[in-house]
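Both complexes shown next keep chain A, but they swap its partner, so chain B is in the first and chain C is in the second.
Right, the complex of A and B next:
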């Protein structure tokens, strides 16, 4: 056991200062999407609703609702509409109510593609 | 598939034994219709011929069809028998092949048909109180399954110690019933249904591309292996050959999955033996491997890599070549230090022994079977690309104890690093073949870090799934856990044995 104690001391601290400081490894994590509202019309929104496997997206009239709490950051929406969807880079999700996780994205009139 | 006489071997001998069947033979899978009246004779024949019962499941519809999947490992072939069941009972197959018992229970829960003879059937996946409206693949059984319990009366100084389903932080829900006299384990039983999510039920009606998302969540720690098995089943059903670059990518992802799982098992072994610094050392290696996964494929647990027909992502080869030696070196240093620590080795040696006979009888797979002297590895016995051209080295030990399982895992981890290097050198990675319209059925498989993962799928003419069977290795190996726990072990050995099996409850309850 003393050898393991010495081995532990020799290895030193490997944990980072997160959350006091950002962790560099977070840059490689998949994150939920961010939507460019001006690039989304009804047709594209319906396509995104179709490709989302965890049903985090649904359209309510002229609004695309995005439930971040259901998103698994799988990236399928980004693949389907790379011009309108990009990784948000936000992987820390916290809120005081369930409704805080549902984002409303207004849809534009038909967008030329 | 075409109808013809199978090549000489076990499948041909089965046909001569039962007579009259018209087999459908593919490259690697031969399907033989077996009437219900001849099912018992067929199982006797195959068990006597040394065939390995790999799975047993039912398909839904107006008529229940039993399918038995047999591994003919020496012949590099799978044999599937299909038997329509018209009556509420079928022959008691686990009396002949004990490996069938868990699946007999599962079929009873899901379809309401049971083996003849009145044998008690345990609850394995559906929760108590699952009524007629509970999502299931077939019909509710007339009588609820038995609750699993110790098969004897607890008396004298022995008592039952309930543990779980909520256990320590970060460990899956699992209820242990431990029968103990205070030190020695007299008996052990498990409730595994707390994590049932009805995944096979949810897959019905989905297209293969949608199904992959759920398949890789069946057992998150085997995401690559199970999604590979399902993708291969779909590809077999539709007659699709993925691009060679996609198969190389699958091999790389699967070996990365094996590496991080074996590192995680080693960390769990340290935790269960109270070796905190060893646990930290193993977890440093594990974290580096997970970050390497993210750098290579964009996901720490390799989700979203595979697709039906190919792969969705190609590896970042530079990141993998750059990061792998350091991450594996971390694992190797921790392992070498552990293997030189007598107090650690003493806890593993002669603990949780699974004998060769038990492993064969129960149809165990993966490192648990290989550590018990059963030399089965799907990458060698049932090789598909890229393993046909890049075979792994078989890691096998005879002792059957926890130490043998750790040594098998360490040998495999070293070989995975070699294989990844070979696969990276083999050519460009990535690519996907388009899936043609139409339906069919097929069997797929992959050797996960826990052992053989199987999938069987049936697609309708519109290309939607009518039945998907997912059989992770955990489904097989939990049935060996209680035997290992009873083999002259004490109370504190149980977490050590569980870590060495490194199974998931999610995979078995799915």
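Right, the complex of A and C next:
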């Protein structure tokens, strides 16, 4: 069978080969944020907790708790703190334990006043 | 014991799985993504997954929405009509407790009414995320989320 025929047959198939091969449409997906822990202080963390419309963020002392399960990837936290928050790029987020979705983000220690 | 159940799940559901979707009050965007699974680009049939409207034929219950209280009885009836072994997959941020808080009209999370086996976050979860979730549910893919830290300092992931 000529190579061009096999190649055309392959290219003509739009069906994704996920999970055997990565899917190119994954690059454009909105994804939950990744936090630069060293850049977040208490004040900024409290701001992020306030802007989150889905109650995914909660500050517990020196730790910012991020519940990925509640995140809608709306981007408001990234908009509020663009240097400290960026898209994580992770979309394969299924999990078997609900507790595993709650991530602890250490905050920058408070400078003494 | 848990290992036996997982092996049984993989053996029984690894090749062909029938899915019943259940909307407990969602905005239906999750349903749109679930519907796309049947379209040619994602094609869940190539992985051995099929949708069925009958809970009595279903192996897996795919639940969206924040579980409005008016739906409690119907949700329990659907779950109880499914023959064992069965799995429940909570799909979308609403089902996981985000977006809507518990109040007089809504539970806010589906695990107050149904026992959930796999959680798929997203608003909505893309069809790829749904496929990954279904494959995790039947033990054909390992879950990733427990190993992710969502911090971005240097190369840490």
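Just a few scattered comments:
Note that in this section the second predicted complex is superposed on the first by the 97 of 113 C-alpha atoms of A that agree within 3 Å, B and C clash if a C-alpha of one lies under 4 Å from a C-alpha of the other, contacts with A are read in each partner's own complex, and residues count from 1 in each chain.
Going forward, contacts are C-beta pairs under 8 Å (C-beta built on N, C-alpha and C of every residue); 3 or more make two chains touch, one makes a residue touch a chain.
Remember, predicted model here, so these are calculated numbers, not experimental data.
In the superposed pair of complexes, A:14 makes contact with chain B and with chain C alike. Contacts of A:38 after superposition on the shared chain: chain C is touched, whereas chain B is not.
In the superposition on chain A, A:75 makes contact with chain B only, while chain C stays out of contact range.
In the superposition on chain A, contact of A:25 is made with both chain B and chain C. Touch criterion met: A:5 reaches chain B, while chain C stays clear of it. A simple residue count on chain A separates chain B from chain C, and the partner touching more is C.
Annotation: chain A residues 14, 25, 29, 53-54, 72, 74 touch chain B in one complex and chain C in the other. Residues of chain A touching chain C in their complex: 14-16, 18-19, 23, 25-26, 29, 32-38, 53-56, 66-74, 86, 88, 90-98, 100-101, 103, 105.
Contact residues on chain A toward chain B in their complex (touch as defined above): 1, 3-5, 7-8, 11, 14, 25, 28-30, 53-54, 72, 74-75.
Residues of chain B that touch chain A in their complex: 210, 213-214, 275, 277-278, 280-281, 284, 291, 294-295, 298-300, 303-304, 337, 341, 343. Within the complex formed with chain A, the chain C residues making contact are 40-43, 46, 93, 96-99, 101, 111, 116-123, 125-126, 128-129, 131-133, 135-137, 141, 143-146, 148-153.
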